[in-house]
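Both of the next two complexes hold chain A, though its partner changes from chain B to chain C.
After this line comes the complex of A and B, so read on.
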């Protein structure tokens, strides 16, 4: 990786800019992740309550319908079930938690009075009514659970992507950038040392040449000095 | 947009919900679950009018891996399973993966 970049001062500056930006992004994402996890913990407590309520309601509803089946017969229960005219409906709205859009589910016509049910008062017994009541309650818990659990799923997805981004920055991008930066810095230092060495070499060579030139000139110019004085 | 609740499971499981007015349901008899449950769940998933799918937790094990994954991760419609403990329906695994700790460990609570 490090060998892919050209060791120039321009690249070094660009990498330093990228490091700064990535570190800032990393900090921000880390804060986002921590915030999301805190929000998630709140929802988790809620979800556990909703879950236990749901399981309780399910057991009650099951025992009620089993009772109705035992006393009235399966056919009567099925007949009543097939006669229902009002149907529960749900409408979904959305809410924003730290950039995660979570649903808010509202329901209508879950709870029905006896005359709204449509299977008639005479044709059915109290046990079927009780079972229907229990299942209506169960439906309400289910709707609540659906809302909370969808919110949890969405938050979890967001936490996962944020975590992945934080990790990618921390363990891949930033180390690579630092490695590149160090590589360029070392290359540039190396180039500088080479440059100094070359200059020293050139200087030494020049000095040598000058010395040689002087020495060459020396014997020609010195004789006049050594001309013996005429006595 | 108003949506409905759908129930998928054995006739015994769905009858109670029909008593509460649930109109969309897929009856799959126990002995045919291996072959037909996948198809019933996929059909319900594709239905735009369905906002919540209710299933029995044990039935999830009978689904093929692909259908199970798509129904567990589906957000619209959302799956709610009954009869399982806390964190049923793949939620527990997802928490373990995303947070790194099993937050739904009941022994700790």
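After this line comes the complex of A and C, so read on.
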């Protein structure tokens, strides 16, 4: 609120400094927002591809396991699944995209060869192999989708935050600062005008007093040389 | 009953003939394909599977009920045959049915490995092999894989299992144990089999089973691209490949297909091999192998009526019936179309 600011020259300078900083920040944030949106669009394309691949892999895996359960029996499929306790390992690192920290997910031991799946080769069938293959691919797609979609979500949050900051600067902070600046400038100008008026008044009063004093001293004394007023 | 005493194919064949007549025919499959899982269970309740559906109805529902009822009925039928058979006939039948012993031991080992509860492991057993209930319960009571291995001492799975257990301890995966159990089963199929006119066809069938198993395993290894020595997965007893041949052929799937095409199985598998060369999936080829085996089995019943052949023919037909009903029920549950399900069925 402009009325809350003390209309001093010091405050005016401080506000001018803040305006300069805010305008610079606004420009930078605007550039960041535009950059983030461009990066986001790239990630969005990638996320759409990954999501459609994920859906496709899910359909395939589901159809393969349905077929395996139908032809080999649920008991055989569950048995083959129970023959392995080892879980895939997932490690996360982070990378920086325009100041946004996004995860980078590395997975290992997702894809397994026939002799690493736990179930014996001699007593199993290609249906179980293909179901296992399809689920391994699905798991890889899920991990990739998790990475891309988390990055997308984080980018979106950052874009939202940046947009809010840009809007706050553009529609709240900068207008307030301009208003304060204008208020202080007006107040200072007003004070200046008042000061000049007061000085004039004092000067006029002084001159009147001097004139009255001279008149009291009498006509024999030579009148002093008159000095023209400044304005 | 046991290998002691004289062989009694006349008696067993007469009993089996009655059971064969109760197998589902094409018309019944056509009806089943159009039913939902609940209707299939209802249909089964009015057939040979009545007792099993009623006994399991309170514990399971939907397709699980159908699958467990099928497995239990299969076990009952095969146990009956083993009970009826004596002497050499028993030995011939038990050779094939021991695959359920291998299945049960694998299921128990997997249950211990994955820390599953005893009841759920028990439910998954198919008690259709030679091991009796008491022995299987003893195996079920084992709390470690080592105990299971110890309790199998003296059975046909004994050989090779100790080494496999050591490999399992080193690697932490069940592959060596499962492979040792399956290998023991396959290698005992033909071990010591006395071949005469009556069993010649049966031997041919068992040989085909081993050949097909070697062929599909070699193709699976070739397609997987894994760095695995195919010789480790070779089963002795077949007539199609030697171990060294298989090692070479597994590295070159085209040559492997050509070898099968030039073999005695070439004509029967010709279409499946064409499909295999153009498609990336092995499933169609496996289906063709199953069909070819079933055709063999179908022929078994007619040549020597007073031998093991009609019994084996019934056993294979019963297994196929169970596979078909399960495929229909699971297929319907998964929303597969009638055509898709029919394509997966193997009907004699």
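As a convention for this text, the second predicted complex is superposed on the first by the 191 of 231 C-alpha atoms of A that agree within 3 Å, B and C clash if a C-alpha of one lies under 4 Å from a C-alpha of the other, contacts with A are read in each partner's own complex, and residues count from 1 in each chain.
Heads up, the rule we're going with is that a residue touches a chain if its C-beta (ideal position, glycine included) is under 8 Å from a C-beta of that chain, and two chains touch if they have at least 3 such contacts.
Only a predicted model underlies this, so the values are computations on that prediction, with no experimental measurement involved.
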First, second, both or neither for A:70, with chain B first and chain C second: second
Contacts of A:114 with chain B and chain C, given as first, second, both or neither: second
First, second, both or neither for A:88, with chain B first and chain C second: first
Which of chain B and chain C A:15 touches, first, second, both or neither: neither
Which of chain B and chain C A:166 touches, first, second, both or neither: neither
Contacts of A:78 with chain B and chain C, given as first, second, both or neither: both
Contacts of A:150 with chain B and chain C, given as first, second, both or neither: first
Which of chain B and chain C A:130 touches, first, second, both or neither: second
First, second, both or neither for A:29, with chain B first and chain C second: neither
Intersection of chain A interface sets (partners chain B, chain C): 78, 82, 84, 86, 117
Contacting residues of chain A [partner chain C, same complex]: 63, 66-67, 69-71, 73-75, 78-79, 82-86, 113-123, 125-127, 129-130
Contact footprint of chain A on chain C as seen in their complex: 63-64, 67, 71, 102-103, 106-107, 110-111, 113-114, 116, 124, 126, 172-175, 177-179, 181-183, 185-186, 213, 216-217, 219-221, 224-228, 233, 235, 281-283, 285-286, 323, 326-327, 330-331, 334, 336, 341, 344
Complex contact set, residues of chain A against chain B: 37, 40, 44, 48, 51-52, 54-55, 58, 61-62, 65, 77-78, 80-82, 84, 86-92, 103, 105, 108-110, 112, 117, 128, 131-132, 134-136, 138-139, 142-143, 145-146, 149-150, 152-154, 156-157, 159-160, 163
Chain A contact footprint on chain B (complex, rising order): 1-5, 15-23, 51-52, 54, 73, 75-76, 78, 80, 82-83, 85-87, 89, 91, 94-95, 97-99, 103-104, 109
